[in-house]
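The structure that follows is given in the form of structure tokens.
Order of writing sets the labels: A, B, C, D and E. Residues in every chain begin at 1.
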Amino acid sequence: MNAVLLTHPWSIWTIIVPLAAAVLAFLVPRRAPLAGIITALSVALFVAATAYRIFLAGPHIQLLGGWQAPLGITLRVDGPALIMLLTSGLVGLTVSFYAAGYFTAADRQERRQQHYFWPLWLLLWAGCNALFLSGDLFNLYVTLELVTLSSIALAALNGSSAALDGAMRYLMAGLLGSLSYLLGVALIYGAYGTVDLTLLGQTVRADGLSRAALALMTAGLLLKTALFPLHFWLPPAHASAPPPVSALLSGLVVKAPLLILFRLWFEVFPDTATAGMAHLLGILGCGAIIWGSLMALRQQRLKLLVAYSTVAQIGYFFLLFPLARGEAAATAWVGVFLLVLAHGCSKASMFLVCGTITRLAGHDRLTGLAGAGGTLGARLLVFALAAVTLVGMPPSSGFIAKWLLINAAIVTGQWWYLATIALGTLLASGYVIRVLSLAFTESQSPPLPIAPRILRWPPLALAVVALLLGLAAFHPAVLTLAGAPVSGIILLEMVP
Amino acid sequence: MDPRDILSIVFLLAAAPFFLAGTIGLLRFPDVFCRLHALTKADNLGLGLIVIGLALQADTWLQSARLLLIWLLVMLSGATVAHLIARTALRAGRKPWSGRS
Amino acid sequence: MTELCAGLALFLLVTIVLGLIRIRRGPSDADRMLSAQLFGTTGVAILLLLGQATDRSFWWDVALVFALLSAVTAIAFVSRTEPAETAQEQRDEHGS
Amino acid sequence: MSVSLVYTAAGIILFLLGTYGLVAYAHLLRKILAANIMGSGVFMVFIAVAGRTPGAPDPVPHAMVLTGIVVTVAFTSVALALAVRIARTSNRAHLPGRDEEQR
Amino acid sequence: MTPGLLLLFDLLLPAVLLWLAWRSLTSSDLFRAVILFIAFSLLLALAWVRMEAPDVALAEAAIGAGVTGALLLVALARIESAAGRRLSPSARWRSAALVLTGTALLAAAAGLLWSLRLLPTMPGGLGPLVDRHLAESGVDHPVTAVLLNFRGYDTLLEVGVLLLAAIAIWCLDEAVPFLQQPLESQLLTGFNRMMLPILLLSSGYLLWLGSHAPGGAFQAASLLAAGMLLALFSGASLPAQWSGLPLRLLLVLGFFAFLAAAIIGPLTGRALLHYPPAWEKPLILLVEWLLTLSIALILTAAVIGGRPTGSRLYPPPSSPSAEGRRQ
């Protein structure tokens, strides 16, 4: 039994099962929610099996079609991929349950949303998992397109004018980003005759052509991951989509191009990328943290506030580029990957809470929620619980992640990044407290009905998981470094 | 020189004026109906002459047949399209040029 | 022979460039569609000539596809211009 | 081999022309055309690169371009459907700009 | 050989392509822009042929001349009937951001073109490797071998993207009646009567060609789709009882077959997409045939641009008149 557990290619089923389920959900729309839930449970199982295999047998490479690397495509089942798969499994499972309760067949319009949500989401899920596992530059392009196109369709799902505009903006940004990435791939193939990440890592020369290709691919991916100042498309798309979709877009989808960026910069082009380029990304990250947080503070609608908070949180991920240096490399690496996991869970939870609140109150205007108390107050408490991780308070995983990043900033002597992290945390507390204060003002509005159980538990579960991950952060931290391009000790204690 | 080659060259060279005429007609003729003539000349005769010229050079009958098929298809499409475009233009209320304007 | 074919192909490419002027001038959409149609035919001729000049017969397969599809765009154009599509006001999801 | 360099350069310029069109123009259909032109530029670089190898051209970039063309067609068709839907919902064929929101 | 004349051709063609692209982007009238883009696709196919990429040329010819042209023209008509035929506002040069973009793009052009000098003069490429393993792939044409065997995973996901596009389009909107009245023309009817069988045959020919020469499922599917479009334009439509589950089944058939062929490997202890030995050829052929049918339908669905109306899943609102009054 154990031999099968340790040798079977579990990870491919996280791609194949959603693909097959998407087809079934499209064929038999009435049974789509059932197909979705079964898929969610099985994907979670396959992710767990993959984690088990990596934990005991280490990272491994899977050949597709049985062909070796330059000819065939390989899958990389390593630590970074696993953390992403874990995020995808956790967020996907919870959102699937929530969506099963959220999309009902009440009327014609809703039935349409219900019927199309499932195939699109399952294709998106397959795309995400495929992207996380891919070890081939061109295959990454195809998976990225699968992710982008399904995200666009989901963003437009409710058919409102705002959603359609948001989806269109998303589409244009996505096209620009992916074509720019693809041109970089073309140049790389022209120079080295292969698109396999491992082989490229061994052969890439640090010359002008590699730098040009890296710049093209990075620019495209920055646009896709919505790093400030290329974030213009994200808030409208994320805020006007149905809440389960927003949760997926913010919790999962923005991380997809991010992983490609990490793989490119640390595995394929470690010598090509100069310190100046790394600092540029770091500075843009700082800009994102500050700008996104300030914009979040100014928003009048809960969903837009959460969406701008995503813009800010994306900034933290980019601190990896300047911070992962010398002896701080492993620390920063683990910190950022923990942050990806923490942000995925907490942000998805927050968007789901937004959805429940909107369902109950009929809107998500902050002024209108004042004095909500009662039912809404309980929802806002879940929001607060998720926000603990987002802001980075102990003992959440967000806290550990930021702690590691701060340590890395201190060790490498880059104080300004530390200052930005601190400022970002302060601003984040600001916009979270702004929301929470609503719950504690006096209630004037008539009591609202209690939300159905299926709309209450998933966000709470995610928020709790995000919080408790902080206590069990050791395992994910170790796994993150399995097969990672950086190594070293994780500096847990402050070493000024 | 092989007489077949000479014949080919004659046909190919003869094709060029038709294409040129087609283009010039497209540019100079007064209205869409007249320009249709220009188009069909190039389709039927220009391409036809080229096909004949090349078919003379072909090694096998199959290749010649393929060339002829291409020509037939282009003529078929050209005729249908010309008819439909003319009809659209007529229904849109455009009067054929009568030489007086 | 090859020189002649290559030269003719070049010449046909030049006539395409000249034909672009009609697309620019119009005046009607039908005129523009007509120019595109002529380009299709000229394209077939260029493919045939270059296939002969470089001795690659697969070019003729491409020419065949050109010839097969040369009507599709124009017919799409005609169908688009002729009957106007129904107004979309009474659509169900509009009011909800 | 210089011919392949000509096509590579043409591909890169096509890509940048398309980028300009995508950014500069408001009409959605124009943006979609621009994206298609960008894509063609990228494919041209792939194919030109494949033609540089000695002997027969490298089939792998050809296969990649075929994949890319299919993906581009998929994107184009969704983008067009979305543009039509926007035109019907809001009676406009462009995205609301900043100045328009203020008006 | 005539390097001189062909070289001239190779210099003129990219120049014309660039010019067409530029005109297509900047011409004030959108219909003109679309026509210029169609002309651009035509000449692009010539360029692929010149660069000895026959598979790509066939795909470009089939897609660019057929499906994309129809897609664009139909979409343009629909956009203009809803939003009005307006001249597209030209680039707003006033805006400083745009000047900045333009400058940045020029700088990027300079940098990229300059970096091209670093391309290796004698690159290896994967051609020899593909040739070495061609015999094991099950087909005799290198590009098909790469598409359906060596990099079959890409193709599997790519077909997924195509299916996704169809689902997305169906999700976005309901199909409007494609034509208010069919194009009544005896000539067109006759043309179709001749053309449809020829298109069907040629589609089969390209598919058959694909196993040993340039051609293949996508090219064949584009031809088939062109045939369906011709039928559609002259008023044909799918019977209502076919537009529900049967149509959906046909749309997913190719993808599902490919997926099924892919998982034979892991179920029998091999890698994903590792076909059982000696079964490569029949499996690839089966997958290609079904893919052709599904892709053709997906492309046609893309031009129609919406989910079928009147299916039992989304019955029309109970009383349309009441709906009308409400607005």
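Here is the rule we go by: a contact is a pair of C-beta atoms (placed from the backbone, for glycine too) under 8 Å apart; a residue touches a chain by one contact, two chains touch by 3 or more.
Small disclaimer: the values here were computed from a predicted structure and weren't measured.
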Chain A to chain E, fewest steps along touching chains: 1
Chain separated most widely from chain B, comparing mean CA positions: A
Greatest separation from chain C - chain, by CA centre: A
Chain pair, C-E or B-E, that carries the greater number of C-beta contacts: C-E
Geometric centre distance via CA averages, chain D-chain A, whole Å: 27
Whole-Å gap separating chain B and chain C, where each centre is the average of the chain's CA atoms: 14
Intercentroid distance (Cα basis), chain C paired with chain A, Å: 45
Chain A: positions in contact with at least two other chains: 108, 112, 138, 142, 145, 149, 152-153, 156, 159, 187, 190, 193
Per-residue overlap in chain C, given as positions that touch at least 2 other chains: 33, 35, 40, 64, 68, 70-71, 75, 77-78, 81-82, 88, 91-93
Junction residues of chain B - those touching two or more other chains: 73, 76-77, 80, 84, 87
Interface residues, chain A side, partner chain D - complex: 138, 141-142, 145, 149, 152-153, 156, 159, 161, 164-165, 167-169, 171-172, 175-176, 179-180, 182-183, 186-187, 189-190, 193
Complex interface listing, chain D residues touching chain A: 8, 12, 15, 18-19, 22-23, 28, 31, 35, 38-39, 41-42, 45-46, 49, 52, 58, 60-61, 64, 67-68, 71, 74-75, 78-79, 82-83, 85-86, 89-90, 95-96
Interfacial residue positions of chain B with respect to chain E in the complex: 73, 76-77, 79-80, 83-84, 87
Residues of chain E defined as touching chain A within the complex: 111-112, 114-116, 118-120, 123-126, 129-130, 133, 149-154, 157-158, 160-161, 163-165, 167-168, 170-172, 245, 248-249, 252, 255-256, 259, 262-263, 265-266, 270-275, 313-315, 317
Contacting residues of chain C [partner chain E, same complex]: 2-3, 6-7, 9-10, 13-14, 16-17, 20, 23-24, 26, 29, 32-33, 35-36, 39-40, 43, 46-47, 50, 53-54, 56, 58-59, 61-62, 64-66, 68-73, 75-86, 88-95
